[in-house]
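Across the two complexes that follow, chain A remains constant while its partner is chain B and subsequently chain C.
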Partner chain A sequence: MVGMKDAVSGIQETFGDKIQRVELVRDIPVLSIAKTDLPAVALHIHSAPSLQGTLSLQWAADLRPRLAAYRIYYLFTLDGGAWLILQTDLQGDDRLFPSITPRIQAAKWYEREIRDLFGLVAAGHPDLRRLVRHEHWPKGTHPLKKDFPWNYIMGRQDGEYRFRHIEGEGVFEVPVGPIHAGIIEPGHFRFSVAGEPIMMLEVRHFWKHRGIEKLFENFGLMEGVPLAEKVSGDTAFGHSLCYGQAVESLLGMEIPLRARYLRSLFLELERLHNHIGDVGAICNDAAYSVALAHCGRMKERIMQLNDALTGSRFLRGLNRVGGLSMDLSEDQLNTVVLQINAVEQDFAELSRIIFNNASLTDRLETTGILKERTARDHGVMGVVGRASDIDRDIRRDRPFAAYDRLRFKVPLYRYGDVRARMRVRIDEVGESIDLIRQVRAAMTPGPVTVPVVAAATPGDWALSAVEGWRGEILYFVMAGDDGKIHRCKVRDPSFVIWPAIQFAVLGNIIPDFPLINKSFNLSYAGTDL
Partner chain B sequence: MIESVLITVVQMIVALLASPFIVGLIRKVKAHLQCRQGPGWLQPYYDLAKLFRKDVVVSTHTSWIFTATPYILFSSTLTAVLLVPIFLSKVPLNFAGDIITVVYLLALGTFFLMLAGLDAGSAFGGMGSSREAIVASLTEPAMILSIFAVGLTAGSTNLSTIVHKTALLQGIVTDPPPHLMALAALFIVTLAETGRVPVDNPATHLELTMIHEAMILEYSGRYLALIEWASALKLLLFLTLISNVFAPWGIATERTPVWMAFGVAVWLVKVSGLAVLIGLIESMFAKLRLFRVTDFLGLAFILSLLAIIFFYILRG
Partner chain C sequence: MFRIIQKSLKTGQVTGQYPAPTQPQPDVSDAVREKASVFGRSLTIREVDTGSCNGCEMEMNALMNPVYDAERFGIHIAASPRHADALVVTGPVTVNMERALKDVHAATPDPKLVIALGDCACDCGMFKGSYAVTGPVERHIPVDVKITGCPPRPSEILDALLKLQGRKP
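Coming up: the complex of A and B.
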């Protein structure tokens, strides 16, 4: 545990004048640093025993037309959950910034992403292949630069992505995807195998770039919610909530208590139906299809409840900047409790069956172990993190919605295998149901929305975090002129966890990969914005 | 002579018609345990009819093996079915081959299927073939030994003789322990050879986990129909072996129409019961890890070997 003030003064003592400026933006300390000093400071925050900062997000913003500069931000989550941001400016025509990837693993995809979308090159990055922009994108197309029109129609060029190869007798490569036999999002997996055991996996995603972050820049601050809902379809509420919170904090809005409770309730409903669905899907990938059928039934029950309450099975169209678009009546709240109580009993029975099945346990245990060290190095959190002993949960560490008034346990397992990830989900189902009951008991009448009065200063920004069912969702929203969005950085937890899966499969056999992948159940769309 | 041909033709028709039913029955049982209704009883027949009507897509990288395999597989499996007593204890074709012929007719089909899996050069086909090779090489000895254990009591490797003698209890000293061990071994072999849980999962869409399905991923249209039908026939063959080698009672021992009709009914009940059992197993167990499959099949081999050893011990 480290206090924010101590952390900042400690860093200032260590680096003296190198810290050019310290300011507080909505209680988050922001340290401005010259780009040449940045790797040293970042490494200090990452490795000093008193700080142990995890790089949670790294992103860039094109500050034109107000400033002829690009700014790169580094968000660190310190031990205990406090946030700290480093920022550095690249003035004028400067396109180079020093890479921190050689010392901080978690930066490896972020820096490649920044290069692809802004044309800013992380000097010293060990792997500068394209990530988001596939090779057929023409040279020099960096869509998040302000001089790149949002509706620009690109040409096509030839190019080849160079996979890493392992050579040797009996080593083969198995390419899987991006088109699969089942209904799955597009993703390519390149295995290097010797017989059945996996020696290396390279994940190649980003097949369907939708330009979401660019589209946000066409919208006013008030209009972004429907787009945020589309980032990852199964997390519509989590994403729209996170976007809404960012704008609300930018405009300094106080959300009424009833709306905060309802947001917690809907977020837990979303967690419930996804977790229950995942438990079934994990069992099904071990050919235990009975669990899938029953979990599917319970998931459907909750989704129909969503539909009956809100008119949307995926809880779309609920969030808005300033609260919620609808209230629930007493009757509806009673129905929710009635339904989830039934699901609780049903699910408890099923989890007993699952735990008592030796053949299933044999498949899940010791399969796809993500070591705690690897998880920490990649900044992994959420369900996957908690199964690998990473004790992070935004709901507890930086309470939002009504979580400061609710009590819940954060399940934690050490093993990091498929079974641990399933158990985190099973435990969280129980916690979610309990949370919903607490919400029901604590809710008081009142408004569910506040009107927007203030306007945002151009260049001002806010950062918000939501513990979605997969893990930490982060939104960075910077206001532009005329109430428009200048820059919106979207971070689904999947973006962080995908690189870690490449390590979790090592030493496992190929037929176990689908099971491991399902236990992570990451979003492809949430990664591929 | 004509009678023999007629009986053979009837046996062929019965097997061809009953095999999709068994596949559908297993699906029904599984659906029922999942609180689903499941597809109708005629669905497997509709599926075959649909596939026969569809066009065939063949990769340009394939050789004649790819197009010949469905026919080889289908005809070898069907021939094997004709050597196994279904409703009449002495099949007309019993002179043509014994249990070893049956095993190698099935192996012939499997062999070509493995070649076809490699033929198209896709990553999944190769994986399926290599896995099938492991499974097939381990099931073969277990299967032969388990039937030998019963054949020893009947004094013959000819399936018709075994079934006939057992049905009439002629000169058979039934020792329950070896019989039960051999039965267990043959049942494990059945699960492995026909690609059922816990060895393979016939319902999966995950290419990386497949064994049998991975080999036939490239097939479509009538080729796929022939392969699917052959798989159904193979399943039926194994269930028939289990029921008629170990408990043939009710089978027709003489060629009278009434008795043979009765034999068909009894046989249908027996194989349906076994199909329900397979459906239950598929609902109760997860699939084994690939490398545990060898232990599982090793168990079948040991059981059948013990059955033979016990036979000699008990006979003194």
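Coming up: the complex of A and C.
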């Protein structure tokens, strides 16, 4: 555990005037550094025993027209949860920045993403193939550059993505996707196998890239919520909450207590129906379909509850900048508690049955192990992280909504296998139900929204984090002229965890892949944006 | 084993326990119904996601849970387009999925139906005009039925499918 002030002064001592400037932006220390010095400082933050920073997000912004420069940001989560940001500017025509990927694995996809979206090249990156832009996108199409029109009509060029290959006797490749058997999102998986076990998996995504971050720039700060709800449909509330919080902190808004409680309540409802659905789906992929039927029934019950309360099964249209668009009556709150109490008992019975099923346990144990070391290197968190001994939870580490007033346990398992991921979910179902009851007991009458008074200064930005049901959702929102969004960086936890799955499957057999994949249950839409 | 049977018995039947659809859906034309009539009382669906937010997928999945249990109306989900009578397409058709959509359509044997599911598939929804989107679906392949909503509720999807099958007026 390291305090923020000590961390910053320690870094300043080590690097002296290489740290050009230190400022505090909404309590987050931001260190400006020349690009040539950046890798050394980043590596220090990453590996110094007192800091142990995890790279949580790396992103860029085109600062034109205010400044003829691109800025690259690096967000580190230090041991204990404190945040620290490094930033470096690329002036004028400069398109090169030094890659930190050779030493910090977590930067790998971020730097490829920055290259595709901005045309900025991470010099020294070991893998500069395209990531977001598939090969048929014409040269020079970098959508997040300010001079790239949002409604550009994309041409088509020839090109081929070069998969990594393993060669040798008996090695063959199994391509799967982008369209899968089942009602799932599109993505491509390429397995290299020799006999049964998987020797290598390469995940190729971004089939669903819809240009969300560019579309955000068409909106005013107050208008972004409906788009945030569509980043990943299953996490509509988590994403809209995170976006809302970013803008609220940008405008210095204090959210009324009742709205904060309700936000926690809805976020936990979202967690509940997703976790219960996932437990069923994991069982189903081990051919235990009765459990799926029961879980599907319970999940449906909560989604119908959502619908009855709010008019949306996915809790859409609830969040707004400044609070919530609706309140719940006393009767409705009582119904919530009644319903979740029933689900609690129902689910507890089912999970006892699930755990007593020896053949199921046999399938789940030691399957798809994500080692703690690998998870840490990739910056993995959320459900998947907590199953691999990564003790992080934004609700506890950087409380938002009403979590500073609520008590809950953060489940933690060491094994990192499918069973551990299922257990984290089952434990969290219990915690969520308890949280909802606490919210109910603690809620006092009051307003659920505050009016907007201030306007944001162009160029000012805010960062916010929400522990969605998958893990940490991050939003970076920078204000532009006339109350518009200048840049909105969206990060669903899935983006971070996908690369790690490539390691979790090694040595497993292909028929176990659907099971492993289900136990991660990552979002494709949230990754592809 | 006994405990799960006991649990299932205790739970009883849940099928059909959902509120009636509220959002009106456009009617299915006689011509399309005629086209669908060759499949008789069953309909095998291949679901294709061309860039949805996953909301529409979740509701399609819900259709298969015990509460809606679309199987009781002969509605199945096929693992391959080659086994499908109908494609259910979601999402605004991204630049990256355009090819795959056309390939799937070509791989589905005739006669076939195409159902656009959700506002994104019907008219690109919020993503209309984006550089990364080339839809809507009907720009690329002929669409027979449109089910609107963001996302449409499972009861609404089921309603539209029953109309298509001629089980409902």
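By definition in this document, the second predicted complex is superposed on the first by the 529 of 529 C-alpha atoms of A that agree within 3 Å, B and C clash if a C-alpha of one lies under 4 Å from a C-alpha of the other, contacts with A are read in each partner's own complex, and residues count from 1 in each chain.
Basically, a contact is a pair of C-beta atoms (placed from the backbone, for glycine too) under 8 Å apart; a residue touches a chain by one contact, two chains touch by 3 or more.
As the structure is a computational prediction, the values presented were derived from the model and not from experiment.
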Which superposed partner A:6 touches (first chain B, second chain C, both, neither): neither
Chain B versus chain C as contact partner of A:297, first or second or both or neither: both
First (chain B), second (chain C), both or neither touched by A:23: neither
Partner chain in contact with A:182 - chain B first, chain C second, else both or neither: both
Which of chain B and chain C A:404 touches, first, second, both or neither: neither
Residue contacts on chain A - larger count, chain B or chain C: C
Touching partner for A:148 - first (chain B), second (chain C), both, neither: second
First (chain B), second (chain C), both or neither touched by A:285: first
Touching both chain B and chain C, residues of chain A: 181-182, 290, 293-294, 297
Chain C - residues contacting chain A, complex: 3-4, 7-8, 11, 14, 18-19, 47-62, 64-68, 77, 79-81, 91-92, 94-97, 100, 104, 125-127, 129-134, 150-151, 153
Sites on chain A touched by chain B in the complex: 173-176, 180-182, 196, 283, 285-290, 292-294, 297, 357, 359-360, 362-363, 509-515
Contact set on chain A toward chain C in their complex: 134, 136-137, 141, 143, 148-154, 178-179, 181-186, 206-211, 214-215, 226-227, 230-234, 236, 290-291, 293-294, 296-297, 299-300, 303-304, 307-308, 313-314, 316, 349-350, 352-353, 356, 523-525, 528
Chain B - residues contacting chain A, complex: 30, 33-36, 123, 127, 197-198, 201, 203-209, 217, 282-292
